[in-house]
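Both complexes shown next keep subunit A, but they swap its partner, so subunit B is in the first and subunit C is in the second.
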Partner chain A sequence: MLLTLLAVSFIVFAAFEIIPGDAAVSRLGSNATKETVEALRVQMGLDKPFIVRYLNWLSGFVKGDFGTSISYNLPVSSMILEKLPITVTLTILSMIMTIGISIPLSLLIAKYAGSKFDRISYGTNQFVMAVPSFFLGIMMSWFFGMVLKLFRPGGYISYKKDFGGFLGYLILPAIAIAIPKCAMSIKLLRSAILTEAGKDYVRTAYSRGLSTMEVLYRHVLKNAMIPLITFWGMAVADMIAGSIVIEQVFNIPGLGRILLTSIANRDYPVVEAVIILIAFVVLIMNLVVDILYRVVDPRLRKD
Partner chain B sequence: MKKWFKKHQNFNFITGAAITGILLFTVFVSIFATPYDTTAMSVADKFAKPSFTHWMGCDNYGRDILSRVMEGMGNTFLIAVLTVLIGTVFGVIVGSLCGYFGGLLDDILMRINDVLFSFPSILLALVIISLLGTGRLNVTLALGIAFIPSFARIVRSEVKKQCSLDYVKSAALMGAGHIRIIFVHILPNIMPVLLSSVMIGFNNAVLAEAGLSYLGIGVQPPAASLGRMLSEAQSYLFTAPWYAIFPGIVIVLTVLGFALLAEGTTEEN
Partner chain C sequence: MLLSVEDFGIEFHDHDKPERVVEGVSFTLDKGEILGIVGESGSGKSMTALAIAGLLPRKKLKKEGRILFEGEDVLTMERHKLRTLQGDEICMIFQEPMTALNPTMKIGTQVEEALRIHHTQMNDAARKERAIKWLENVELDDPERVYESYPHQLSGGMRQRVMIAAAMVGGPQLLIADEATTALDVTVQAQIIKLLQKINKESAVAILFISHDLSLIRQISHNVLVMQNGHLVEKGAVDDIFDHPKQEYTKKLISAIPKVEL
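After this line comes the complex of A and B, so read on.
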């Protein structure tokens, strides 16, 4: 895993090295004299060979120093640290919603498989999966803001000032991210539950006199969760990516905002740091998924 | 029950085909003519409500939304098709070579592929765009590259499965070369799987393109694009909600149509 992270960091660093444009020139503007540009290049360490710069950058990374933002002239780490709680809260909220809604709902749907209820939920599911989350966000801010007047679009409250208000503001964006994921999870979980429900151990459980709900919750669900764990693990990365767009919809100054403005300003240290951070999260999630497999399925623990 | 199920599948396919057919027809018509000029502004029609003259109303410059939606659909379709094309061609090449030959190359490429695959495609595209710059061509290229890993992964695992089958061995015994075995013998056999993943990929491409142009880094104005229209419409959400609703519905219908088609074809087999 560490090796993969190293490879990713190298590819990212190399990719941003290849593109034309001099960081020193872009920081000073085009009418800077040659001497000042040269001086800044030395100060930024741009005069050293590629590998040396990569190693410097990497060692800085390990120490938590992500470099200096070109356009804001601030340390990248403090910029990111300030915004990180927003995106993390948003992701956690939507993850909780996804899991909390999809498990009971798919159990319910699986219980009535083949009925009218199943068919209706199948149709709804197909439809919901086709709705892009940012369109859902726009429609929700229109509906809750305009029709019900429960919500003030753009009225973001900083988490430092009022954490409750901050959470309240994040609920709609989290729903917008969670709903498409919910639809996908329900679809996967329903078919997983139905496959499991046809197996022998389920019949045994019934013959022991357990009720349907007990069988579903205690036996079937555990086995049906296995494909879902993979999906949810990948969904975390997706949600972070989704929050980049949703933050724009609801005007939330999170990680996505930094990434977009940095891309527009060609502020590469920030872009690199955000990418590496997300790659790190992706890899951690892969690890968590592997561990969860072993928790859910004892057969995997042996080797 | 079984009969109902059979009917259900056909229902998927037929609805999907109908929606996609209507949308494709509209795109086809928009190549030759739109009801109004897509960039013609008119102060009198500013925020005109949907009516018989302007079916979907008008935007903040008094431009006809239906005409712009038609043009935007064309752009979205074009970008999505090219994206999937890039993704499929390179995905098939990388995936089949890795799956067929295996070995060190396979190990290295698939390790990289796994990391790229777990990276959300819209994010990957954003990174590539930050390297290449914005614009329609760059977005297509970026999305195309971002879609390669998922295709490569699917093709590789399918090719691996096929490799152990008898017909591949017989082909090798008959003296067929590696390239011939891969592209003439194995590839046709993985077509069904590839086809359904192409359709799902197309949907993801439509969604990703809409997301990117919503963020303002896709098709550049004055050319119309569905995502861009949504982001412009958001500022006027309270005065002209229809400006946001119609482009959004078109995106939903496009994705829904293809999702139903994919569902219908995979369950048919």
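After this line comes the complex of A and C, so read on.
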């Protein structure tokens, strides 16, 4: 896990070496004289060789010093800590919607498998799955904001000022993120439910006098969710990484937003920290998935 | 009389041509009786058993005749009414104990399930007490530990005992055992047969014992039905059938039992 994070940090650092652009130039503007740019480069330590800069940065990172933002002159850690709750809340909201909608809906669809309802939902699902979140976001912004005027596009409310208003603002972006994930969950869950429903223990459950809905909820669901755990874990990581786009669409100043602006400004300490954070979340989600497997499936537990 | 099957038949409609799998089957079962149904695979014995337990699919299938359980027709009964019988009055155990239990649910929860559905007035402690008592009755060692176990922690024989406990916990009138010993090895088979006989004596539950194994049928049954290709070939008391078979098919089956020369 540490090795993975190390590799990620190195690659990001190297990428900044390769792409054109200079932090000093972007800070001073393009009319600055060569001398002032050079002076600033020396002051920022940009004149040192690549590997020295990397090791300097790394040793600071290990000590818990994430460095100072080049463009804002603020400590990176406090910048990230301020933005993190926004993206995390957005992800949690989207995840709650994804799971909360896909479970009952897949059970319903599975119950009527083969019926007209099943076929219609299959078609709708296939269509929804193909629509990217950002497009949904733009359409929803336009429809709810411009047509219905229920929502003020760009009217983000800080969680520090009004948490309720903040949550309210995040609902639409969360829906935009959740809908395609929901469609995929339903597709996977429907087939998992149908596979499980053909198994012997389901017949046993029926023989005890349970109704179809009780059989599905009490017996089938838990078994059918096992293959979904991996997908949901990946979805969380994907939502955090994908926040870059949706935060741009809805003008939310979250992690994705600072990642984007700092890439534009060549603000590598911020980019490094955000990307390592995202990589860390992906790794943590893998761990959580493994733990959840053991919680849900007793066959994987060690006695 | 507990169960009366009258001119029962099943026709499948899942292919282009309708297919008759059971036709004109009539028999009765008294309270506390053990009735064996013997026949090759495809003889319709399992289909008949599933029909009595109300477990046949509702679509793509035509059912004929009547199956009267305590005078009421299981075939035409409304589903919510049928459900009050299932697990409480009519219970069933199956061939594959390895897959018949839910792998992610504790044994205790599964054994108690019929009580949770049908005896809603019982509290948790009373249900657990009854479940443990039945785990003991089916001669499982350390029932407390089995109660807390998951199916994969038990052997096939133990799981079939658990299935019997889960079926008997509600105090049913009829236990249907569909090839319940087929997947087990011979010594475990003999133990399960003994256990079923004991339960039959102690609880006065009628047992419909379905098997392709004539020697097991002979050992456990009071009366026997012989089925072939969806038809009832012969029925009678176990000794009559085995000592004086009337039909050619029955004679052939009996002569096929391997005899052990001592």
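Operating definition for what follows: the second predicted complex is superposed on the first by the 239 of 303 C-alpha atoms of A that agree within 3 Å, B and C clash if a C-alpha of one lies under 4 Å from a C-alpha of the other, contacts with A are read in each partner's own complex, and residues count from 1 in each chain.
Here is the rule we go by: a residue touches a chain if its C-beta (ideal position, glycine included) is under 8 Å from a C-beta of that chain, and two chains touch if they have at least 3 such contacts.
What you see is a predicted model; the values in this text were computed from it and never measured.
Shared-chain residue A:141: touches subunit B; no touch with subunit C.
Touch criterion met: A:207 reaches subunit C, while subunit B stays clear of it.
Contacts of A:298 after superposition on the shared chain: subunit C is touched, whereas subunit B is not.
Note on subunit A: of its two partners subunit C and subunit B, the one contacting more of its residues is B. With both structures placed on the common chain, the touch criterion links A:223 to subunit C but leaves subunit B unconnected.
By the touch criterion stated above, A:243 is placed in contact with neither subunit B nor subunit C. Touch criterion met: A:260 reaches subunit B, while subunit C stays clear of it. No residue of subunit A touches both subunit B in one complex and subunit C in the other.
For subunit A in complex with subunit B, the touching residues are 4, 7-8, 11-12, 15-16, 18-19, 114, 119, 126-127, 129-132, 134-135, 138-139, 141-142, 145-146, 153, 234, 237-238, 240-242, 244-245, 248-249, 259-260, 262-263, 266, 268, 271, 275, 278-279, 282-283, 285-286. The touching residues of subunit C, counted against subunit A in their complex, run 53, 55, 79-80, 83-88, 91-92, 94, 96, 99-105, 113-114, 117-118, 150, 152-153, 163, 166.
Contacts from subunit A toward subunit C in the complex involve residues 199-201, 203-211, 219, 222-223, 226, 296-299, 303. Every residue of subunit B that touches subunit A in the complex is listed here, in rising order: 1, 8, 111-112, 115, 118-120, 122-123, 126-127, 129-131, 203, 207, 210-211, 214-215, 217, 230-231, 233-234, 237-238, 241, 244-245, 248, 251-253, 255-256, 259-260, 263.
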